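Listed below are the structures to be examined.
You will see subunit A twice below: alongside subunit B first, and alongside subunit C after that.
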Partner chain A sequence: MCSGNMAAGVLSGVRQVLRGPRLLSAVFSCHGQTFSSAAAAVKSAPDTAVTEKILNFPLTQPDYFHLSELFTMKDLFEARVHLGHKKGCRHRLMEPYLFGSRLDTDIIDLEQTAELLQQALNFTAHVAYRGGIILFVSRRRQFGHLIETTSRECGEYAHTRYWKGGLLTNAPIQYSPGVRLPDLIIFFSTLNNVFQQHVGIRDAAKMNIPTVGIVDSNCNPSLIAYPVPGNDDTPVAMEMYCRLFKMTINRAKDKRRQMELLKGISASV
Partner chain B sequence: MASLCKVMRNVSSRSSLLQKHCVCITHRSLYSSDASGGDDKSPERAKGGFAAAYELHSDLQQRGDQSAARRMSSRDETSFASLLRHSALMQMGPAKEKVVIGKIFHIVNDDLYIDFGGKFHCVCKRPPTDGQKYQRGSRVRLRLEDMELTSRFLGATIDTTLLEADATLMGLIESKDTKTKE
Partner chain C sequence: MAASGCRGVRSILWKYGSCGKNFCLSRSKTVPQLPVRQICVSSSLWKKNLAAAGPQKFTQEFIDKQVEEFEIGKRHLANMMGEDPETFTQEDIDRSIAYLFPSGLFEKRARPVMKHPDEIFPKQTAVQWDAEGRPFHFLFYTGRQSYYSLLHDVYEKILAMERHQDKMRNKGLFASETKQILLTGSRWQLKEEIEEYLVENISDHGYMRLIQLLEKLLSMPYCSLEEDFILKFRKQLEVQSSKHEIPALQHDPQGVAFSVADGRRKTAKASITLRDSGSGNITINGRNYLHCFPLLQDREQLMFPLHFVGMLGRFDVEGSVEGSGHSAQAGALRLAISRALLSFVSEGEVERMRQAGLLTADPRIRERKKPGQEGARKKFTWKKR
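What follows is the complex of A and B.
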C-alpha cells in the first residue's frame, strides 16, 4: 500500500496547484470589476468570499455529490467487473487487489473495487465541479466509439487513437505555446494494443496530472493516482464505467451551475 | 467432491469487512427497537369492528415492510464473497465440455461473435445448416472449451492472451415463436 501513500503525497501538491489558478482567476475578475467603477470595489470583497465558499465548501464534505447512490456492489457484480485474466497473465502488483483465483482465472475483490471506485468518482466530480478539463483515454478499439460518445455527452474530451509521443510533454511546441493541458486523465484501459503500459500514464505522472485508471489483473497500477481494479474487457463492464463517469461529471457540473446561480441571486439581492 | 478453487483472503479486506459488520449490527438493532416499540403500543388499544381489523392489517403491513426492508438491506449488504459463491461461474466448475446458452451480438460475414456471460466472447463460424437463421440477437447453444485462450510462449515472462473464449457451436435455441410459425 506504499504506492497509495505516495499517490496521496503527489495529490496534495496537485490539489494546491488546482486551487491556485481558480482563486487567481477569481481575484483577477474582481480586479477587473473594481477598475470599472469605485462602487464596485465595495462588492468585490463579498464576491471573493462567496467564490471561495463555493470552491472550498464541497471539499469539507466526504460525499458532497452523493455518489454512493450511483452504484452498488451487486451492479458491479452483474456487470462482470470481478472477472480477471488467467493466472499466467497476472501482474505482480495487482495481487493485493485480487480476491483469489478460481480454476486459473483471477477474481478481483469487489469490496476493494467499490471503495476505490467511490474515491475515483468523488475526485472526478470535484475536478469537474471546479471546471477542470477531463480527458478519457483508451486504446481498446472495441470501445473507442463508446468512449468518444460518452465524452461528448458529458462535455469533456477523449483520446482513443494513436498517442503521439510528446502530446503532454511537448505540448507547447506540438500545439501552441499557451495550450491548456487536461486536469484529469481517466484511463478506461491502461494497456495499449501490444499489452504494454499506455504512454499517457507515464507522461501524466511527469506533467503532474492526476490519473484515474481501470486496472485489470494484467495491468500495472503503480503510477496511477486512483486505480480502480476491475474488468476492462467486457462490453457490459465498460458501458457501466462510462455511464458512471458521465453521471458524476454531469452531476458535478449541474451542481456548479446551481451554486453560481445562487451566488448571482444573492449578489443581486 | 473436493473444491478446486483456491481462495486467498487479504488481511486488509478482512479489517474493512469487520467495520462493515459492526455497521450492519447497529442498523439491525435500530430496526428491532422500532418493531418492539410498535408491538408494545398495539395491545393498549382495544377497539372492535372495522377499526380493529384496519389496525391489525396496517400493523401486519408495517411488519411486512420492515422485514422486507431488513431483507432488502441484508441483500444490499450481501458480501462479495457470498455473491461470488452463489454465482453461475462457481456452480459451473471447470469450463471444459460445459453446455451454455449464448447470444450473438455481432456478425462479420461468416463469423459469429457470441457472448455467453463470461469475461470474453467466443467467435464461431456460421454452420452450413440453417445458416441464415443466425442473426444478431439469436440465442445459441455452445459447448465451452476454455474461458480465455492464453498460452505462455518461449522466452516470455507472462502469458499471451487472445482476448477470446473457445467454444463449439451446437445449434440454435428453438423458441416457441419459431415453432408456432413452422
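What follows is the complex of A and C.
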C-alpha cells in the first residue's frame, strides 16, 4: 500500500516536469497509472489476505478466546447467581429459564445460565476484538460506581445515570453530528429505578444494536439478543459479572494487538 | 410565500430544462431523457433556519488565526504608542485603545475593545472522539460527561475515605477529633460558576446533588485529606470594609497631621481637609459654618461623623462645596468628613462607621418628569367622565 502511494508521488512529479508536450504527458500518466494500479493490486493482495485472516479466522472457531476457563457453574453458585425474586414477581417469559422455586423464591437454572453466559461472553469478545464500542448500562444506584470503574479499566464506556430520551434514536442532535453509536450494549440490570424495562433495550432494538442483558426473574428477556438469566441484586454476583466482562474484553483486545504485531512482522517479511 | 416558491420552482425547471436541451444537442438519442418530476419546493427550505442553528460555532483554525492576528496587532499597537512590544500588557492595550478611539458611549461593553480571542469568543467543546470514532471520555454516552465524571470522582473520594477510616480503626488509631477544614468566610460556588468550570449545563437538581455529595464528604472525620479538592468548589467572600480606600495621612511643615477627602450628594461636590490641631473650628468656603448653614439639621449632619467617633473637639475642618441645595451640600460634606476620618481611626472603628452608614454614598437623585404626568409621580386630575 505504501509503495503504491510512493509510485503516485513519483508520478505527480513526472507529470509536473513534462508540462510542455501535453499528449506525451497524458500518455505517460496513463501508462504510469496502469503501472501503479497493477503494482498496488499486487501489493494489496497479501494485505487483504492477512486482514481477512485476522478478522475472519476467529469467527470459524467456537471458543477462540478460551472463555470457558473463566468461570464454572460452581463459581456461579457461590456468587448466588441462581437466586431469583419471589414467586409473585415472576415474569411469564422467564419461566423457561427457571429451575424451580423453593419456599416461594425462584431458582434460576444454572446450566442454561452457564451456556448463555458463555455465548454472551464469546460475542462480547468478538466485538471487542474487532474494535467495537461497548456500552455498560445499569440503573442500579448500588452498583453504578462499580460498573463505571469496570468500564474505565477495560477502556470501554458506561452509562449508569438517568437515560435521556433520544440518546440512541436522536444521536446527531443529542451529541454532535457524526457521532459513532455503540456496537454492543451490556445491561447489568434491565430494569430502571421504578421496576420498568430500561428504555435502552427498546432503543437499541430500534437502532439494530445487539444487546447482552443480565435478566432476573422479574425481567422481560424478549428484546435482548443475548439474555443471561441471573441474579442482579447481590453485590457478589455483580462483582463477578463485572470481573468476567472485564477479563473477556481485555483478553480480546490483547489478542487483537498480538495479531496486529504478527501481521506487521509477516508483512515486513 | 407560495408565489415565491412557484417562481423558484419555475426557475429550477427552466435551468434543468435548458441543460436538458444542451444535452440533446451534443449527444443525440444516446441518453434517454429522464422525465422531469415537478417537486414542490417552498422557499422556507432554502432560507437558513436561524433559530435551529444554535449558537455560532467557531472552528479551531479560525480561533488560532484570530490569536495570531491579535499578537501581531498587539506589537503594531505598541510600536504606534512608542512602547516596547515585548513588555506590552493588557492594561497598556486598554489604555492605548481608550486613547486612540475615545468613545462617549455610556455602555462600557459597546466601546471599542481589544482583548485576547479566548476572552471574546465563547469556550466551545472540541471534537470528542478520535479518528476511529471512539470517544475519549468513558462517560461520553451519558451526554453530560464532565458533570457525571465529577460526581464519580467525589464518590470515589468518599469510598477511599471510608476505607481509610476502617484501616485506622483496625489499627486502633481512629481519632474522631481530626483537623477540620476552615469554611468560614467562603461559600459554595454558584451553579453558573460550576457550569463555567465544567463547560457544560447543569440542572438545578444536578447542582443540588453535587453540593449534597460535597457536604457528605465534609461530614466525614478525615475530610482534611481532601481539603484542596473541596476548596476548589468554595469561593472566598470578600470582607466588605476592606474595600474602602483610606486617604493617605499627610503632614504639614509645622508637623500637624491632616488628610484630604471628597464627597458627593445629588449634584453637590465637597472637598474637606481635616487637620489634627486640637480646636473644633469648621470653615466652609472661607466662611464659618454657622453662616453657611443657618439650619440646625445641616449643622448636625456636619457634626455626626465626628460625634460618632468621639473626636468632636480634636479636628479643624476646612472645606469647599458647590452645587445643589443646602441639604445636599451638608450631605456631601458629611461623606467627605467621614472619608477623611478613616485615616485617623482604627480598623474596628472603620467597620462601625460602615455599619452606621457614614461611608455609603447616598445614590438618590432627582427622578425625571414623565410625559402625561404633572411631575415624576404626580398625575393630572383624574376625571371619571
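For this structure, a couple of remarks:
Heads up, the rule we're going with is that the second predicted complex is superposed on the first by the 227 of 269 C-alpha atoms of A that agree within 3 Å, B and C clash if a C-alpha of one lies under 4 Å from a C-alpha of the other, contacts with A are read in each partner's own complex, and residues count from 1 in each chain.
As a convention for this text, a residue touches a chain if its C-beta (ideal position, glycine included) is under 8 Å from a C-beta of that chain, and two chains touch if they have at least 3 such contacts.
What you see is a predicted model; the values in this text were computed from it and never measured.
By the touch criterion stated above, A:Gln112 is placed in contact with subunit B alone, subunit C being left untouched.
With both structures placed on the common chain, the touch criterion links A:Phe77 to subunit B but leaves subunit C unconnected. Looking at the shared chain after the overlay, A:Lys86 reaches subunit B, while subunit C stays out of its contact range. Here subunit B and subunit C are compared by how many residues of subunit A each touches, and B touches more. In the superposition on chain A, A:Ser176 contacts subunit C only, with no contact to subunit B. Of the two partner chains placed by the overlay, only subunit B lies in contact with A:Asp233; subunit C stays clear of it. Contacts of A:Glu156 after superposition: subunit C is touched, whereas subunit B is not reached. In the superposition on the C-alpha atoms of chain A, no part of subunit A is touched by subunit B in one complex and by subunit C in the other. Those residues of subunit B that touch subunit A in the complex are listed here as 4-10, 12-13, 16-17, 75-76, 78-81, 83-84, 87, 89-90, 93-95, 105, 115, 117-120, 147-148, 150, 152, 158-161, 163. Listed in rising order, the residues of subunit A touching subunit B in the complex are 1, 72-74, 77, 80, 82-86, 88-91, 96, 98-103, 105, 107, 109-112, 115, 195, 218, 231, 233-235. Interface residues of subunit C facing subunit A in the complex, by the touch rule stated above, are 127-129, 132-135, 138-144, 148, 152, 155-156, 159.
Of all residues in subunit A, those touching subunit C in their complex are 131, 133, 135, 145, 148, 151-152, 155-159, 161, 164, 167, 174-176, 179-180, 182.
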